[in-house]
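For reference, the structure discussed in these notes is given below.
The first chain written gets the first letter, and so on, giving A, B, C and D; residue counts start at 1 in each chain.
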């Protein structure tokens, strides 16, 4: 993972420390400044997309965008200059993200269709995670992602079953309701089925015939039982993770035999069950 | 279950192995080819139902459909020819599914109304499960379905109670809102009630009167408590299944006293707590 | 509970047995016939409310309704005649329900507004529960209702907190969105808030201003956390009930000391921990 | 917390007791009267906001409002007069709430825009909590709020992750659907994403393109898994709180050996398992 040149000296070593290390004061400052720049640039992208705001402050947004782009470009050049193996960085995941974060602004001068183009810059958000990862303040997040990982297979099986159910019910609804009631094709029907089963229920498409409404009712009530499944899976995994953590804490806190150093499970034992030493 | 002719020879034995066995290389290849054919045929059915695509590539779809139908027909004939008791196969669940998967294409030549007719072919999806069952890769699915089976009675009771509640509330809303506000009949009112209680909320029918909105609010908040019940049932079943599995793993892994064969719970015991035999 | 006349003879004793007892063959038959009559009558009420069906088969529905009403009237008269204390029955919960089940049909001759009137007959559904209660096949339902009862206080506290939150947020949305965006009054705003927080989301009222949409987003994400609370309460209660039941089963199945009859918790104990008798 | 003047005499001491203490009969009466006044005033505010009711009974509402305002003003003056350190009270949280509860009515005479102004009075609801807190009947609420507090960090992490996902998906949908399909800007797109992910689904904005509907389907199914996470967190916390409480109850109820004071787990033991003392 570490890409640090071993016998690096002078400004390259200094900048490497600032950019890649989060524990030194300068490294921390760099991270914070970069985080603010990214979030500020994201805010600008979001506000720019609102027509009324853009019409009013369009020039300011262009200026702000160029300032951020120049900052990110300098950062990108510094990263390339400082790492031992520039090619490795450039084609790494974050290297490509860094490049894609600045390219659209430059390309927008040459190419038209800037509107769609500019939104691509929002992948800058992904760069936030690199900084957060560095300062590793995501302790609790690990437990959650572990619980989700542990239930990975179960959730996949569940989603496959749901997809099959949705396919069959979508086709049935397409037959029952037909094109004249908004179920214009099987894909649209399947989309409606997902909207219904997940209890989102936009209402842009809704069954009109009595039979269609009856089938929809069955789907909804089935969806009731079905929504319970992923919740059940994740809940029992989190409970298990909590239990494991509690057990580990207990293990760490319970006393050990001073003679043989074996952990003693019974908190009120008088003799070590391993070597018979009186406690 | 096995339908294999005992003293079968020649091409029938060879084909039986290919079609019905999943462990041999040829059997595996057959399963994979069939799986691809089914999924491809389903994709064709789905895309065909989209009007704009059908208008453009209608002829190609007809061709593709005939290719798949011929493949499935050959497969059907082979299955009938190869099994010991063809009648048993023909009237079995999958035998009927296999037939229904190919019939619509042939009938569409004779009969009109092809549009509705063709969608019936989507029962081909069910044939996917036979293949998946054969290769039995659904290990984790068993646990989920067991958890759901174990909570079968509770969920039935729950659904009966919900149905009664929905019936009463549907009638009340029909009286309160009346036909002029979209609650045109008691069945429609019940349908609205299910849509509300399951938190789907299409919005095609929505209470307009103040009293109706008050009752709807009560229904929604009740629905809040009610949605918790199936989740609770399934969650505790999954937690129980996890527990049982963990217990079984523990049982399988803990050692037994070689002298008295008693299971030893403490994994680090030096002496059998039953007979004192040193382990 | 039992209302049986002690020294009842002749036809009254016979009919009492038929009507009030569920264990005798005749009692069972009576229950089943009554159950069918109630459900059939409910089906008629539901179908009758559909305008197109009523316009077609109106006369048949009136006939069917009169048949059911006569049956229920006879049953009511029989019940009054047979019980020891008729006044007690007439003013009991089910006595009033029984009367309200037949009255509307008679009153509809005299009074107009039959349409609304007739729907009141759907309280006949409640009579179903008396029959179900008698045959007491609702074993599993008890556990569910116990779990809900045990979490009664927690759920009440939860609903009070939700009501307060909904009141404050409803008022805020009324101020932010105003009458022109569909939030015509504070009650309507509160109704919208409940619709949003319970994730029903009809869409008949939806925030239009940017600030309103931001507040709505916060409400929805809060609703996410909030929906977890009743689920968590009910789930942990059901898990507890399952645990208690499992513990009881364990207690019932574990062996007892043959000398002192004390239950022995340790399944592999060699001596009774109570009296020292060797097992 | 207690703000009681130590050497207070005469009417100030009497009124202090009435206003600030909940255990004396007069204190209780004061709390109940105040609670009714607050709730009545809130009801008036709610009903007043309904246009048709206001047009009919406007004068009555103004009268009622002035009565409540005079009551609350007298209460405010009393509180200021009675506490030892009036400045401390006036700038305390509840002091400001008390003032804001009465100010709007007075200001409405001078200023226009009364409509929006009046709704601010609904912060009177917050005053209810002071009374409820005093009579401390919120025992069960503590457990719930503790369970939520314990899962604070996990839920924050969860919401941050959801916000990032919502930002990325919102931008993608803005690009895919575009302004012509209702996704007029990135903020609106993000709003739509939150509406979808939380399964509220108003339907005021809904994807129209096939690609948009496909992405929306993925978002909904992801939302399925995602909604399970807070539920899982809260459920396992509540289960843990229940467990802790049960353990404490067990600890409180099981007896201790009178000789060595060791807690005895087996409720039916005849001899202390630690020192052999007969119980």
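A few comments on the model shown:
As a convention for this text, a residue touches a chain if its C-beta (ideal position, glycine included) is under 8 Å from a C-beta of that chain, and two chains touch if they have at least 3 such contacts.
What you are looking at is a predicted structure, and each value in this text was computed from that prediction instead of being measured.
Counting every residue number used by either copy at the chain C-chain D contact, under half are found in both chains. Comparing chain pairs A-C and A-B by the number of C-beta pairs in contact, the larger count belongs to A-B. In terms of residue-numbered contacts, A-D and B-C present the same interface, as over half of their contact pairs agree; the other options in B-C, A-C or B-D do not. Relative to chain B, the chain whose mean Cα position lies farthest away is D. Chain B maps onto chain C through a rotation of 90 degrees [Cα fit, steps of 5, range 0 to 180].
Here the spacing of chain A and chain B, counted between their Cα centres, is 30 Å. With centres set at the average Cα position, the gap from chain C to chain D is 30 Å.
Separation between the centroids of chain A and chain C, computed from CA atoms only, is 43 Å.
Of all residues in chain D, those touching 2 or more other chains are 187, 190, 199-203, 227, 231, 233, 235, 239, listed in ascending order. On the side of chain A, the complex with chain D involves touching residues 42, 45-47, 49-51, 116, 119-120, 122-123, 125, 128-129, 138, 140-141, 143-144, 147-148, 155, 159, 162, 187-188, 190-191, 194-195, 198-204, 227, 230-231, 233-235, 237-239, 242, 268, 270. Residues 153-154, 157-158, 161, 164, 167-168, 171, 174-175, 179, 184-187, 190, 196, 199-203, 206, 210, 213-214, 216-217, 220-221, 223-225, 227-229, 231-233, 235-236, 239-240, 262, 274 of chain B are the ones touching chain C in the complex.
Across the complex, chain C meets chain A through its residues 199-203, 231, 235.
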